[in-house]
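Chain IDs A, B and C follow the sequence of writing; residue 1 opens each chain.
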Amino acid sequence: MKRSLNPRLIKIAWPLLLLALAVAFPLIFTNPALVNIAVFALIFAGLATSWNIFSGYTGYTALGHTVFFGFGAYTIALISINQHLQGGFGIFLLVPVAGVVAALFAIPVGWVALRTRGHAFVVITLIFVFIFQLLAYNLRGITLGSAGLFLPGPGFGIDWFLLPYYYIGLAILVVALAVSWYIRSSRYGLWLLAIRDDEDRAEGLGVRTGISKLIAFVISAFFVGMVGAMYAYFLGVVYPPYVFDPALSITIVLMAFLGGIGTLSGPIVGAIILESAQQYFNIYAPTGFYQIFLGALFLIVMLLLPQGIVRSLARLWRAWRVRRGAGGSPVAPERQPVVVEKG
Amino acid sequence: MSLLEIHGISKAFGGIRALDDCSLTVEQGSITGLIGPNGSGKTTLFNVITGYERPDAGTVTLRGTDVTNASPSTIFGLGLGRTFQLVRIFPRLTVMENMHIAVQRRGIRALLRRWTAPDERAHAQELLDFVGISHLTDAPAENLSYGQKKLLEFAMILIAEPQVVLLDEPAGGVNPTLAAQLTNRIKTLNQRGITFLIVEHNMQFVMSLCDKVAVMHRGSLLTEGTPDQVRGNPAVLEAYLGD
Amino acid sequence: MPLEFDPVTILDAVLAGILTGTVYALMATGLSLIFGVLDIIDVAQAGYVILAAYLSLVLEQSFHIDLFLGLLITIPLLFLLGIAVEVAFIRPIKRDRTQLSILVTFGIGLVIEGMLGVRFGTTERELDAWYVTQGVKVGNFYIAYVYIFAFILALALIAALFVLLYRTKFGRSVRALMQNRTAAQLIGINVERVSAITFAIGVALTAAGGMAYGATTPFNNNSWYDLITRLFAIIILGGLGSVQGALIGAIIMLVCSDVTAVVWSPIWSSAVFFFALVLLLLFRPQGLFGRLATRKQ
């Protein structure tokens, strides 16, 4: 098979095409139920991609990222209420602010958590979720506890109510993806991957492991915080168990693993699959079935497909092409540029 | 002032004295061998020198700078590199990516881009060529054979332009041809000014390569001298047989 | 938020803490044992506890079997479940054992949560027996009999565990594995068999923990999240891999929580404990008795 198209052109064309489709999506498919699902899918995809920036690259499985989701949510809620904001587009300006606040909190939290490694790290991050959930419930002076904080109504027109959320969610996802891609193609990204493969060896080769991990943690928290803020405005209310939810943390991890950690498109694929499944189970299945499904999916993915869907498909694709005599290199590198993974 | 000075290093793990008032000097431009029976503390000494272990007592000085409690990354940045007994590279990255990690460049700019200088990649390729694995540049490191991985690890140290290289059993687990090639390469690099400290069990390797040999026994230095002096020393034989 | 320092109530709280702490110790010990031998964190441990609670519920309500007697059924049942889980889901994990095992066991916990939800719904339950509602007065404090019985049971089981570990050949294999997996293999210990049985023992212990938990706290299929966090906090405090650490950590945690509840307020009882844990980790990441994770050379 002769290469008729310039490979460089393909590399750029694919993501742009998908982006164009994503932008056009809610304008073509105007069914609000569908767009609603899409907004949730974007939220999940944003969360999974952000999580990947830290955990996917460094190999430290953080089970507590929902903490920053909560920080972002509470930040936007508290500022809106304190400043007596009236809704509208202006509140979206608080989204990056919420991200910054979450990132600031990530510095001490990350610093404490990163004093541990391996199992202990995973457990500590999970414990942080409970600490902050408890704080959210009990610091009623600030958070109003279980009564919840209500954000001002957005006042968007009824026909296009969902669109601002969709596009803001898309914007956050795109920026997170861009940052993720940029890190991957930089030496800093190699440092993170080296930490994943052999942290102590990396240190002996000049990698500043401590600060590298913390920075990735903070960057990832920034995006998660922004998603949390957007979600809070979307839902209109912030309750402690909604935003400091261990199940959410776990779902994020599953999405990333399902799609393929360390890849760019993996978390998105995982998010779409899981979001659709969750919607289905919410509507059609009684209590408990969703957890069984989630747990079973966990087991299947971890035991049978730990590389994730995207990488496994990529590997099958390469094997198919080699068999077809298309002349792929037999010692093909595992890490492909963006285009193969999106294919 | 010697390039690398180790004074009175002691290190105990629980009740076991791995290093006991151990002292050693490595002169600039030399190839020093470090031999001794199993359990004499050679690898522990390497760990202390490179910052992977903190000694209970004693000092390590590199070109006059005290690096006793410095971190491994600082020590590497000061020009001291080290390979491991059981080779350690980054399996899921490609050979070229492995090389890239060890390049020492300061500043934020160096982190934001993969290659900051136009000749970096060429330099890395040149080193891979020097050790003989340049045909595997884009292969995932885990696909390399054991010997090839050892060469990669060696190249990774070299790209940082170190002043002194510690080799922990470089000839271990490789065939004699490769060991001979390794000897030649070390000699070439030594002529270019790099100092070597080599732990080895392969006596032929040590004797043919090193201009000075230090013998460790039970955590401290037993004796040192030229290869011939050491070879003829009955105490050395005693140490090996006695254990 | 005024602090009330009444020595009598504090003493009662300490007593209560020791009693409940011992039950938590039983469950945490299972976790510690599993970590020490298999090098994994079994998140589903709390799931087995809740499962055991529901099993005791069924035995009590449908078959009118006394809770403690019911243990003769639930303990072997959970033991077999443990073997099945280890062989089917834990053993196949070869690569990235640390990461994957946590996620796999989380998956198991989710499946248990889901199944319990389907079968029993989400209403809160409590185990019932004469010793749950009746108790004895100790000084100013009222202790239901069940706490005392559970305490005795937990002590007995912990003692039995120590006898197993320190006086039997099997126990020696377990301890060898905990210290050095490779060496144990080299001297002929059947690592796979010992691992499976140890895992199953850890799970079987939750049967007793589950019964005690169910008799003293209202529970539903969701309760495992809160429980696993506490168990985690205990083993991190005690130090990963240390069985004595789990014991002492459990007692410390429960005593702290109960004392905080009476001195300050019940709302803050768990929060204080978590804070203390975080503080401890700042200065001593390996916990009280844990092996310090040193750099791999």
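Definition applied: a contact is a pair of C-beta atoms (placed from the backbone, for glycine too) under 8 Å apart; a residue touches a chain by one contact, two chains touch by 3 or more.
All values derive from a computational prediction rather than experimental measurement.
Taking the mean of each chain's C-alpha atoms as its centre, the chain lying closest to the overall protein C-alpha centroid is A.
Of all chain pairs, the one joined by the greatest number of contacting C-beta pairs is A-C.
Distance between chain centres (mean CA atoms), subunit A to subunit B: 42 Å.
In terms of their C-alpha centroids, the spacing between subunit B and subunit C amounts to 47 Å. One simple way to say how far apart two chains are is to compare their mean CA positions; for subunit A and subunit C this gives 32 Å. Residue positions 52, 72, 84 of subunit B each touch two or more of the other chains. Taken residue by residue, subunit A touches two or more other chains at 200, 203, whereas all remaining positions touch fewer. The multi-chain contact residues of subunit C, meaning those touching 2 or more other chains, are 295, 297. Remark: subunit A residues 185-188, 190-191, 193-194, 196-198, 200-209, 329, 331, 333-335 touch subunit B in the complex. For subunit C in complex with subunit A, the residues that touch the partner chain are 35, 40-41, 89, 92-93, 95-96, 98-100, 102-104, 106-119, 121-122, 221, 225-226, 229, 232-233, 236, 240, 267-268, 270-271, 274-275, 277-278, 281-282, 285, 293, 295-297.
Those residues of subunit A lying in contact with subunit C across their complex are 59, 61, 63, 112, 115-120, 122-124, 126-127, 130-131, 134-135, 137-138, 200, 203, 246-247, 250, 253-254, 257, 286-299, 302-303, 306. Here subunit B touches subunit A in the complex through residues 50-52, 71-73, 76-77, 81-82, 84, 88-94, 97, 100-104, 110-114, 136, 138-140, 143, 156-157, 160, going by the rule given at the top.
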